[in-house]
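For reference, the structure I am asking about is given below.
We just call them A, B, C and D in the order they show up, numbering each chain from 1.
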Amino acid sequence: MVFFDSDYMVGAHPEILARLIDTNSLHTVGYGRDEFTKDAAEKILKACGIDNGQVYFLVGGTQTNAVVIDRLLDHNDGVLAASTAHINVHEAGAIESNGHKVITLPHDNGKLNAHDISEYIKQFYSDDTNEFMVRPGMVYISFPTELGTIYSKDELENIYAVCRRYDIPLFIDGARLAYGLAADGCDVTLQELAHNCDVFYIGGTKCGALFGEAVVTKRPELFPRFRSLIKLHGATLAKGRLLGVQFLALFSDELYRKIGEHGVRMAMKLKKGFMDKGYPLFIDSPTNQQFFLLPNDIIEHLKEVASFEIWGTKGEKTTPVRFVTDWSSAESDIDILLANI
Amino acid sequence: MVFFDSDYMVGAHPEILARLIDTNSLHTVGYGRDEFTKDAAEKILKACGIDNGQVYFLVGGTQTNAVVIDRLLDHNDGVLAASTAHINVHEAGAIESNGHKVITLPHDNGKLNAHDISEYIKQFYSDDTNEFMVRPGMVYISFPTELGTIYSKDELENIYAVCRRYDIPLFIDGARLAYGLAADGCDVTLQELAHNCDVFYIGGTKCGALFGEAVVTKRPELFPRFRSLIKLHGATLAKGRLLGVQFLALFSDELYRKIGEHGVRMAMKLKKGFMDKGYPLFIDSPTNQQFFLLPNDIIEHLKEVASFEIWGTKGEKTTPVRFVTDWSSAESDIDILLANI
Amino acid sequence: MVFFDSDYMVGAHPEILARLIDTNSLHTVGYGRDEFTKDAAEKILKACGIDNGQVYFLVGGTQTNAVVIDRLLDHNDGVLAASTAHINVHEAGAIESNGHKVITLPHDNGKLNAHDISEYIKQFYSDDTNEFMVRPGMVYISFPTELGTIYSKDELENIYAVCRRYDIPLFIDGARLAYGLAADGCDVTLQELAHNCDVFYIGGTKCGALFGEAVVTKRPELFPRFRSLIKLHGATLAKGRLLGVQFLALFSDELYRKIGEHGVRMAMKLKKGFMDKGYPLFIDSPTNQQFFLLPNDIIEHLKEVASFEIWGTKGEKTTPVRFVTDWSSAESDIDILLANI
Amino acid sequence: MVFFDSDYMVGAHPEILARLIDTNSLHTVGYGRDEFTKDAAEKILKACGIDNGQVYFLVGGTQTNAVVIDRLLDHNDGVLAASTAHINVHEAGAIESNGHKVITLPHDNGKLNAHDISEYIKQFYSDDTNEFMVRPGMVYISFPTELGTIYSKDELENIYAVCRRYDIPLFIDGARLAYGLAADGCDVTLQELAHNCDVFYIGGTKCGALFGEAVVTKRPELFPRFRSLIKLHGATLAKGRLLGVQFLALFSDELYRKIGEHGVRMAMKLKKGFMDKGYPLFIDSPTNQQFFLLPNDIIEHLKEVASFEIWGTKGEKTTPVRFVTDWSSAESDIDILLANI
C-alpha cells in the first residue's frame, strides 16, 4: 500500500525525531519560556529577514487560525476569506465560535484577488448603514491555498497594498508553506512573504514535524498579551520546548526548504505520470497536492494499492481525486501508483 | 541543579518515547481514527472497568477542561468549583471565554464537600427568581486538587450522590491522576473513580507523556458530536495517533501506575526529609506536590542548587514553597536537596 | 414631506397608545409575569390555533433572532438562511457573536426553496468528514422576506417537510408578518403558518407597536429555561407588561390584521401608480415594501417631497429605490408621491 | 394594596408619558438618529458638564452593563466588581456569555473600596505568571449599590485614582442614579460623578421612564464603532426616538432630580416609620431601597395590605425584607404600610 491521503499520515522527519530524542531527558521551564524555543524563534526571524518581530508557537492549524484571528479582530469585525478557505469550510465553525463572521469572497482556484477585496471594502465604507453590517477587519489567505495553488509576488503585493490602504491586517495561513515556497514557478521567497503580510504562520504539522505551527509577525504591537490569549484558547503546550526543538531542527541546515522541495518533486513526478497517461488535471496545482479527474473504474482499481482522497462528490463516469505528497513520499511509491493507472 | 518546579519539565518516559520512535515511520489515517488510538481507548476503558463508555484524547489540560465543560453545560449554565480550582485561577478565563460562569464555593485545602454543593444547589432552586441567576449545571473537582490533596472514597461518593440527586454531571480533572491514585492513604481505585463521576480525564502531560489527556466517560450520551466540538475548539491533533501511541504505552505493563508510585515515593522521601529537619508543612499533601514554609535564607540558599516554586507571596521571615516530583525525579536529586537545608 | 423610508418611523397605532395610557399608572409585577402579558399570550395562541404552546415577548427583531437561534442551536451548529437574510446581512454579526455560523444558500427574490435546503443537508450527511464542518442545525426564513416576497402554502409545507425529515427546527422571522398575511395572493393563514414551523415571531415594531416581537412556538420543549436565556442576552424588559399591553391591543378587534391590510392596500396603490406611469418594478413584491428602478433625475426630484431609501448602489442612469408603507400611511401621502413622478 | 416590591412596577412619569403622546404621530428616522435623541444627548452632556463626550441610549440595565463591559474589555480581560454586584448575581451570566470573567472583591454593604481594588491589581502585576490569569481590565461599581448604599465623593475619587494609575476604565452602573444623587448625605453631584469615572449610565427604567438607560462618557475614544456593537447585541431600538423623547423629558425642568428626591423622601418617611416602631434596619440605606429585619408574623400580616420583597432566606423568627419607593409612591401608601406594623 502506498499513501497519498494527506501530509499528516506519518510521524516526524528523522532529523526532527533525533532532536526530540536528544533533548528528551533535559529539564527545562515550561510553556515555551525555554532556550530551545527562544533559539528557534530567533532562527525563524532571521530566516524571514525580520528584525523586531515576534514568533509564537502553537500546536495545530485550526487552533492557530482561530487564535490569531481572535487577536486581530475587534468583537464586531469579520474576516475576509475565499469561500473555499479552510477557516470557512473545515474548522467546524471555530472562527464563529469566537464571535467572528467569515465574510466570503469568490475565488479563482482557491485564490482571492486584490480587486475583489478592494471593491468589497470600498462598498462597505460607501454606505453609512454599514454600522449594522459586519466590518471587514482583516484578510485571510492561504499559501498555498486549499486547492494547492500559489500567489505570485505581484498578486501578494497587490493584496497587501489594499490591506494597508484600509489599515487592516493581512494574515497568511502557511500550513503547507514549505510546499508553496518550493513550488515550480513560485516567485516569492520566505522573506518576501514575511514582509508582504502582517502575520503568517509556518506550518510544521504538514511539513515534517510531529505537530506545531510558528506564527511570525513583523508587527508585535498587533499582538498584545497574546500568550494570555493563547492560554485562554487552551492552546498553550505545557512542555512548550517540544515546539521549539522541532522548529530548531526545521530551520537548521535548511531542512524546512528541503522538505518542501522533496514534497514538490514527488508531486511533479506524480503529476507528469498522470498527464503522460492522458488523465486530465482537475485543478492545476504546482505544490504537493495534485488533483485529477479519473475514470471511476481506475479509481476502484487504484484503491487496492494506494490510499488517496475522493475530492467532492462521485460523478457518474469520472470523479475528482486528490493525491498528497510529503517529506516521506518515495519515488518508488509514485512508481507503484503510476504502474496501476 | 536539581529540578522540582513542576511535573512538565522533562520529555516523555523512556517507554513512551520508545513507542513513538518505533511507530514514527508508519502511515496511518489522521485525527485519531487510527488503530493505536482505538487500542488505547479500549485498554483505558478496560482498566476503568467501563463497558459501554467512550474515550477522547486531547492535547492539554486547560484545553480539556474547556472543551468538556463547554459540552456539558447549556449556554446559560455555570460550573461549580472550588475557588482554588485550576479552571477558576490558572486558565486565563478559558471557561468564561466559552460563555460559562465559574461559580466558586469555599474549599478545604483545595477540596469541595458534598454538603456545600448540596446547599448551594438547594438554595438556587428554592427561589423562583433564580431564572436571572446562573444555574449550577455541573460540578468540577480535581483529583488530586491544586493543593495536592485527595478525596476519600466516601467523600467522592457523597459528592456524586448530590450530583445525581440534582441530575447534573460530575467532572473530575485528573491532570495528576497517577499521583493521586498512588498517594499514601488513597482508598479510591481507578475503577471506583471512573464510576463515581460522569466524566474524568487521565492526565498524560504531567504523568510521563510528552502531552495528552484522555477523557473517559461511562455516559457517552452526554457527548453528542463531541469530535466536532473538539475541532471547533482547535483541539484536534492532526497526527492524532501520537496520543494513542502514548496512552497505549501508559496503559501497558501498568506504566501509568508505576509512574504515579515513583512520583509519590520520591515526594514522600522529600517530605520526610524536610519534616525530619523540622520544617513545617504549609499544606499536608500525600501526592507529588509538597508544600513547606521555609525560612527566607534557606530559600535563597536552596535556589543555588535546586529549582522550585515560591507559592504565593513572599513573607517577611518565612515563605511557602512548592516542590514537585515526577517520573524523572531521582533519589539522588532528593538527597542533594535535603543536603542543602 | 411624505415618509416611505421604513415602517418604524412613527409611534404606536392609536389603539395601542390608548391602552398604554390607560394602564400607565397601574402597579404590576415586572419581567412579564403580569396578567396583561399572560392574557396577550393566550390571545395569540388562540389566534394561532395552538393548544399547548408558549409565547415569549421580546423588544426587537435582531434581538429576537439572536436569542431564538441561540436557544435552538447546539454550540457547534449553524443556521441555514438565504444570503439576503436579515441575520446574514443586517444584524452586525449578532448570530456569529453567539458562536453560530450563518450557512447561506442561494435565494430567489429573498426566498429559499425546499430542494436547495434538502440537497445541502443531504450532502452534509453524505460525507463522514462532516464532523469538521458546521452542522446545519436549523432553518431560518422570513415571511415576508427582506425583499417583500412571500412563500406560498405549498412552498412553506415543503420546507417544513424537509426540516422534519432531518429533525431540525424551522424558524420564521415575522418582523413584517402582518403585511405578509395581508398580501395579495397570500394563501397562508396565521394558523397555517404557526403549524408549518416550529417557532416564529409576530412582529410588533414594524406593524403598529412602539416595539415588541412575540415569539410563538407549538413546541415549548425546544425552549428550556428560555426566560433565563433571554435575560442573559439582556433582552428582558423590566416593565414587561408594556409588551403584553401592546400585543393585547394588536390581538383585540383584529387590529393586527387590519394594520397589515391597510399597509398592503397603501402599497398596492403606490405600486399601481408607479406602474401606470411606466416605471419598472425592481422586485415584484405583494407586501408593504415596493421596489422600483427609477431614473436618477426623478429620484432627485422626489427627494424634495418624500423620504425613501436608495436600494443598493446608485446606477449611471437609473437606480433601485424602496418605498415602505405602514399603518400610518395615508392615501394622500401616496397621492403626493405619485403627483411627483 | 400598596406596592413596594420594586421601582419598575408602574408605567412612565406623567410628564414623560405626555411627551410620548405628543410625539407619537411624528415621522422620524430610526435607530436614534433623530433630533429628539440628539437633543436629549446634548441636554445630558450639559447637565453632566461634559464638553466633548458622547451619549448612547439603550433599553435596559442588564443589556447596558453587558454591552458597555463588552466594549471596554479585551477578550482576555475581566471586570472587577463587588461579589454582590448586579453583574455578578442577577444577570443570568450575561457578562460571562460575552466571554468575560467577573472578578469579585469583598464588599462593605455593597461598596468596593479603593484599597482592595489597588491591592488586587498590584498583586496581579507583581507575578509574572499572571499571563495565565484573567487581567483585571476595568472596575464596575453601582451608584447606589445593590444594597442602596452610596459612595462619598472621597471614596469615588480614590477609586478613580486607582483606575487611572493602572489605566483601566471605571464604569458606574446608575440604574437607580436619581435616588443616589438625591440621598441624604450624598456629597456627589451629577457633574462630579460624571468626571470621576470613564463611563456611567443614567437609569431611566427605575427612575420614571417606561424604559431606557443613557450611557454617558467623557472619553468617546473608548467606544469605537459602539453603535455597531450595540446592534450586534440586539440592543438597538428601531424606534430609537422613544429613548430620546423620554430622556428629553427627564432632563427638562429638572424632572430627573425631582423624581429622585420624591423617591428618597418617601423612603425616608418609610424608614423613620419603621425605626420609630423599633424595627431594626437590616442595611442602613439612604436611598429608595429600605431594608428591615421584621418578625415573621408582622411580615405575614403586612403581605395582606402591601407587596414587598423577602430579602434572602426566611429566618426562624425574623426575616429581612426590602421596600422600594419610586416617583409613584404616595405619602398615603406609606401611611397604610406603617399603620399595619
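For the reader, a short list of remarks on this structure follows.
The definition used in the following text is that a residue touches a chain if its C-beta (ideal position, glycine included) is under 8 Å from a C-beta of that chain, and two chains touch if they have at least 3 such contacts.
These numbers come from a predicted model, not from an experiment.
Annotation of subunit A and subunit C: jointly contacted by B, D, touch as defined at the top.
Interface comparison, B-D versus B-C: the higher count of C-beta contacts falls to B-D. In this assembly, B is the chain whose CA centroid lies farthest from the centroid of subunit C. Chain geometry summary: the mean Cα position of subunit B and that of subunit C are 50 Å apart.
Centroids built from CA atoms put subunit D at 33 Å from subunit C. Inter-chain spacing, taken between the CA centroids of subunit B and subunit D, is 42 Å. Along subunit C, residues 75-76, 91-93, 97, 99, 131-132, 228-229, 231-232, 236 each make contact with two or more other chains. Across the complex, subunit A is touched by residues 1, 3, 5-6, 8-12, 14, 17, 20-21, 23-30, 59-67, 91-94, 97, 205-206, 210-211, 228-229, 231-239, 242, 307, 328 of subunit B. The touching residues of subunit C, counted against subunit A in their complex, run 75-76, 78, 89-93, 96-102, 123, 126, 131-134, 313. Interface residues of subunit A, counted against subunit D in their complex, comprise 70-71, 74-76, 99, 131-132, 135, 224-225, 227-229, 231-232, 236.
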